[in-house]
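Next come two complexes built around subunit A: one with subunit B, the other with subunit C.
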Partner chain A sequence: MKEFKPLPDQPAPNDTIGPIPWIKENLFSSPANSIATLAIFAFFATVIPPLLDWLFISANWSGTTQAACTNENGACWVFVIAWSKQFFYGSYPIEEIWRINLCLIGLIAIIIASFKLPKDLRNKIAIPLFLMLPFISILILSGSWIGLEYVSTDYWGGFSLNVLLAAASIIVAFPLSFLWALGRRSDMPFVKSVSIILIEFFRGVPVLALFFMGSVMLPLFFPEGTNVDKLLRVWIVLTLFMSGYMAEVFRGGFQAVPKGQYEAADSLGLGFWQKTLLIILPQVIKISMPNILATFVMLFKNTTFLLIIGIFEMLSTTQTALTNSNWLGGHSTEGYLFVAVVFWICCFSMSMISSSIERKLDTSHRN
Partner chain B sequence: MSIEHEQSIENNDDIIIIKDLNKWYGEFHVLKDINLRVKKGERIVICGPSGSGKSTMTRCINRLEEFQRGSLIVNGVEMIEDVKNIEAIRREVGMVFQHFNLFPHLTILENLTLGPIWVQKKPKKEAEAIAMKYLERVKIPDQALKFPGQLSGGQQQRVAIARSLCMNPEIMLFDEPTSALDPEMIKEVLDVMVELADEGMTMLCVTHEMGFAKKVADRVIFMDAGEIVEQNTPEEIFNNPQTDRLQLFLSQILDH
Partner chain C sequence: MSEKPQVKSSPSFFNNPRNRSLIYQLLLLVGLAYFFYGIVSNTLANMEARGIKSGYDFLFTTAGFDILMSLIPYDATHTYGRTFVVGLLNTILVSTIGIILSTIVGFIMGVAHFSHNLLIRKLAVAYIETFRNIPLLLQIFFWYFAVLAALPSARQSMSIGEAIFLNVRGLYFPGLIAESGAGIVYGAIAAAIAGIFFLRRWAKKRQNDTGQQFPVFTASLGILFGLPLIALLVSGIPFVWDFPELKGFNFRGGVTVIPELMALALALTVYTGAFIAEAVRAGIQAVPHGQTEAARSIGLKESKIMKLIVVPQAMRVIVPLLNSEYQSLVKNSTLATAIGYPDLFTVFVGTTLNQTGQAIEIVFMTMAVYFVINMSISFVMNRFNASVELAERN
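Here is the complex of A and B:
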């Protein structure tokens, strides 16, 4: 019998590989494309040099007071440097700042651990710790329950507050929104309608209105004399707001899990919660991860709205610094630019983390 | 049917008893007065055109589909509207699907041990030993630590069979187990099924593989339009069809 031998592979034609064919093909493929390329280059050429000059070359870097900003043509980074402690930590007492750092490090450590640990340890250690983190952080930051010096929430502030508040909200919103989404899919009419009302209320009302309700209206409903901490109320509002959005994200995830997965779990005799937690939840999270991260980025940026109800998060600290009598006179560009850059770095890193999580969770190896 | 007659039937060793089963999808009457008894160890092949209700009937046996009228007794347990009851029946009935339905986020080994650990409450070590035993039987123990997406269709379906066997079921249901497979992979799945049949497993198999039916089936059931039209031994069904409907069906699937 004749033996079948496949033909050997041949290299791709030479003129399609390398930088020059790439430039030809992508930047100058047609007259219109060439004009667009040149116009964009011209735009960058006129804008970038003066920007770099203002940002770095002529900028004022050293000193501690406004008087140190001598060069009028450059940015006054002295302002940002002098206020950096407030920008990051608010009015939290200097000698206690390690507590904030501890919480932030804890947050980052748990996120890294959940990437690096094997599945067993992750499910048994990292995830429970992650869910407890907001409460542990409150104990540490507040201090009085664990024998540290008490720091009232009036002094909490700055960028660390934005981060911790957003993290604490999403951590609690995770299980809550999953339950809401589950409720919305339920066959029980009462559970279903309550879930729909909750989800649609917190999704439909603007977050600013929710903040005002939380800070102004909510206390009216509490009995006379009880004083629920303002920051706690804000945390609750953010959590509920986030839950409304994430419940819808999860619902999309639920719908994307093939019906066969439910049937296979059923046919093994798994109970409802076993099926939901062991089979469906992991797949829903995987499917929903990009949208969860996008929702989280939105929530994180929304924490700056808190300046309106007098929480000293980063943006309101910046405004306070701008109206300080020693620094009056036009540092708002530097201040707001700094806020923007800090937020952008965080949000961009989160998108990077998001795509790396997607790659890690992708065990299907399908196209 | 007289009372004495009914009792005498209850007392024999039928493992599945379906009586006057009727099912509707909304207004659409999908199953009409289905009566079927399956003996322990019997191998049944169910065939028929698509939309004939053969999958639906099979899926009623482990309650993946509800039915509106009639009764169904599996291994002595009557199927009623009760979660405990349904779960008890599902533990006795293994099911293999057309699209495998392996859990994509779990390794092959985890797919196999999930049921024994969470449903039968076996220790992890014991569950893994059972899983490896069945992976050996379907001849892919070396794939234990891979994910389903890394396996070929035929391998995935063999894993799905092993996953059901790990629960030590009394009955195995197969819902078109080879229909989603490439021609080159059908044989490896059928070989596993033939082996299983030779060991005396009670099997209900919805399939278009007539070679398999001839080889292992004790009885072939032909369904159309929600009814059991004919049932008989494979020889009788293939060589001596009693109805024109079966004759037409056979001529269409065998004539090329």
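Here is the complex of A and C:
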């Protein structure tokens, strides 16, 4: 029997490969497209050179005071460099900054560990540590209970505060929102209605109103004479706010778990909590991961709102720096650009991770 | 084979799911009751200690502070109740501007993502990814302190045809002042809108019955502009232009858009527009490619494919997302307080709360307002959603 041998592939026609047909296809496929392409090129040509000049070529890089910004036509990066410690660490004492770094490294290490460690260690070490982290961080940063020098929360600030506050809120919000989501799915009418009210309240009210509630109403709720730390109140508010959103994310995750999983768990004779924690929860977290990350990005961006109630996170540190009497040269563009770039890098990389997880989970055959 | 007598196995009291759920709910009820009892008694004690009188009487006392911008007549002699209305109207104003503009920007950028031109595609992606990932408050500050504050002073203002002026104090453009007889024109506009509504219904019915198409869009445009125009001519043009004029150091007359409003509306538009663009992109992507191919194979033009086949199907994904974006826009408009735009939050929770100290009443009222606004948005969008939803066979 003769073996079937296909003929070698014909090369693609010459007018469809190479750079010229590509340009024709992508940039000049129709008269309107050609005009748009030329207009965009003209726009770039007029905007980009002066921008690059302002950003890098004529920019002032070295020095420590405003006087070092001699070139009027360039950005004054000296401003950002001189204030960079404040931007990242707030007014935390310089010799104690290792404590902030320790907390940040711990946060990163635990996140990596919970993905990389073998399952046994993960369940026994990484997850409990993850849930304990906010409290450990507070011990380290405050320092008075573990024999370090006490640093009042008035001095905490900068970008590290944005990161730690967002992380601490989402970590505590995890179990809380999971309970709320469970409550919303519950058969018990009273539990269900309480959960719905909680979730819808924290989702429906502007987060700023919640912050104001935290700062003007919460003190009224505590017994007379109790003085609750400002940062602690903010943490409570952010956690509850985040829980409302996450509960809805989890609800979506619950709905996506096939009913057969519940029935299989029931038929094995597992109790409610065994079923929920061992069978359902892992699947819910896996399904909701992209949305959890998206919610976290929102929370992270919203930590800048703390400026309004006078907490020195990164943006309000920038505002303070801009009104400092030694730096009244109108450096707002530089300052805002720097903060924007820092936030952008963090949020963009998180949304990249989220969409890569989404693509991994997506098994539909689109296009 | 003899049947075994059935063993009646009743679970013990605590293992009965019904008893269990009752006990759990009772526990929750007791816990919540104790919690609220604690809060209420603490609050009452605290308020007594601070000498705060609860109640809504403060709404009828004189406010005594000025508000930067008001859509209704207001000065310092009006009551706190009126500051609430002024703030509420300003909130609604900026939210409406934001919702309309961000929808336009979002749809343009979302559709641009599917352009045949590579540069346009990349620009749309760059827009979405840049502005979605930068905190909104930062963007507001950028527009307010870096861009608008750098505009020229009133005497050197930028102008278009001596009618529209832009300077550091705001944007000025001519306003219309109605004179007697304007009622006819307003009536004509209302009649035009009603006419278009009935025309569309009639045209749709005719197309369903006979298959004949009617140029609804052109006819609607004709009615919308024609009727008021005729009314204008009939009533002898009962409007006069009110041009802004430089008097002393500032402009008088015309319509003024204060920089706070401009910065807030710009930032909300750009930020929410990026999210809406992303929603539109996701919606269009969710339409299976086969739909486009099928449309092409029955000979529809490229422009008609987008309008008749892809967008209506994409709307099923887009509308629920739009709903939540609009709601977050309204909630985000509270950031006005950071730059001093007098929205409900700045005026009421800011100044009024500071002056009266009625924390609970004011925060409660404000939250209720945002709830109501968001509920109404949700209601409208759900109605809209029902009209775009997949019509399945009954």
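Heads up, the rule we're going with is that the second predicted complex is superposed on the first by the 310 of 367 C-alpha atoms of A that agree within 3 Å, B and C clash if a C-alpha of one lies under 4 Å from a C-alpha of the other, contacts with A are read in each partner's own complex, and residues count from 1 in each chain.
Throughout what follows, a contact is a pair of C-beta atoms (placed from the backbone, for glycine too) under 8 Å apart; a residue touches a chain by one contact, two chains touch by 3 or more.
Fair warning: this is a prediction, and the values are worked out from it, not measured in the lab.
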{"item": "Subunit C versus subunit B, contacts on subunit A by residue", "value": "C"}
{"item": "Partner chain in contact with A:R185 - subunit B first, subunit C second, else both or neither", "value": "neither"}
{"item": "Partner chain(s) touched by A:G269 [first = subunit B, second = subunit C, both, neither]", "value": "first"}
{"item": "Subunit B versus subunit C as contact partner of A:S30, first or second or both or neither", "value": "second"}
{"item": "First, second, both or neither for A:F343, with subunit B first and subunit C second", "value": "second"}
{"item": "Touched partner set for A:K85, first subunit B, second subunit C, both or neither", "value": "neither"}
{"item": "Subunit C-contacting residues of subunit A that also contact subunit B", "value": "366"}
{"item": "In the complex, subunit A residues that touch subunit C", "value": "26-27, 29-30, 33, 36-37, 40-41, 187-191, 194, 204-209, 212-213, 216-217, 219-224, 297, 301-302, 304-305, 307-308, 315, 319, 322, 332-333, 336, 339-340, 343-344, 347-348, 351, 366-367"}
{"item": "In the complex, subunit B residues that touch subunit A", "value": "62-64, 83, 87-88, 90-91, 93-95, 97, 99, 101-105, 114-115, 118-119, 147-150, 160, 163-164, 167"}
{"item": "Residues of subunit A defined as touching subunit B within the complex", "value": "258, 260-261, 263-272, 274, 278-279, 282-283, 286, 361, 363-366"}
{"item": "Residues of subunit C touching subunit A in the complex", "value": "21, 24-25, 28-29, 32, 39, 42-43, 45-47, 49, 115-120, 123, 129-130, 132-138, 141-142, 145-146, 149, 285-286, 288-289, 327, 330-332, 334-335, 337-338, 345, 349, 353, 359-360, 363, 366-367, 370-371, 374"}
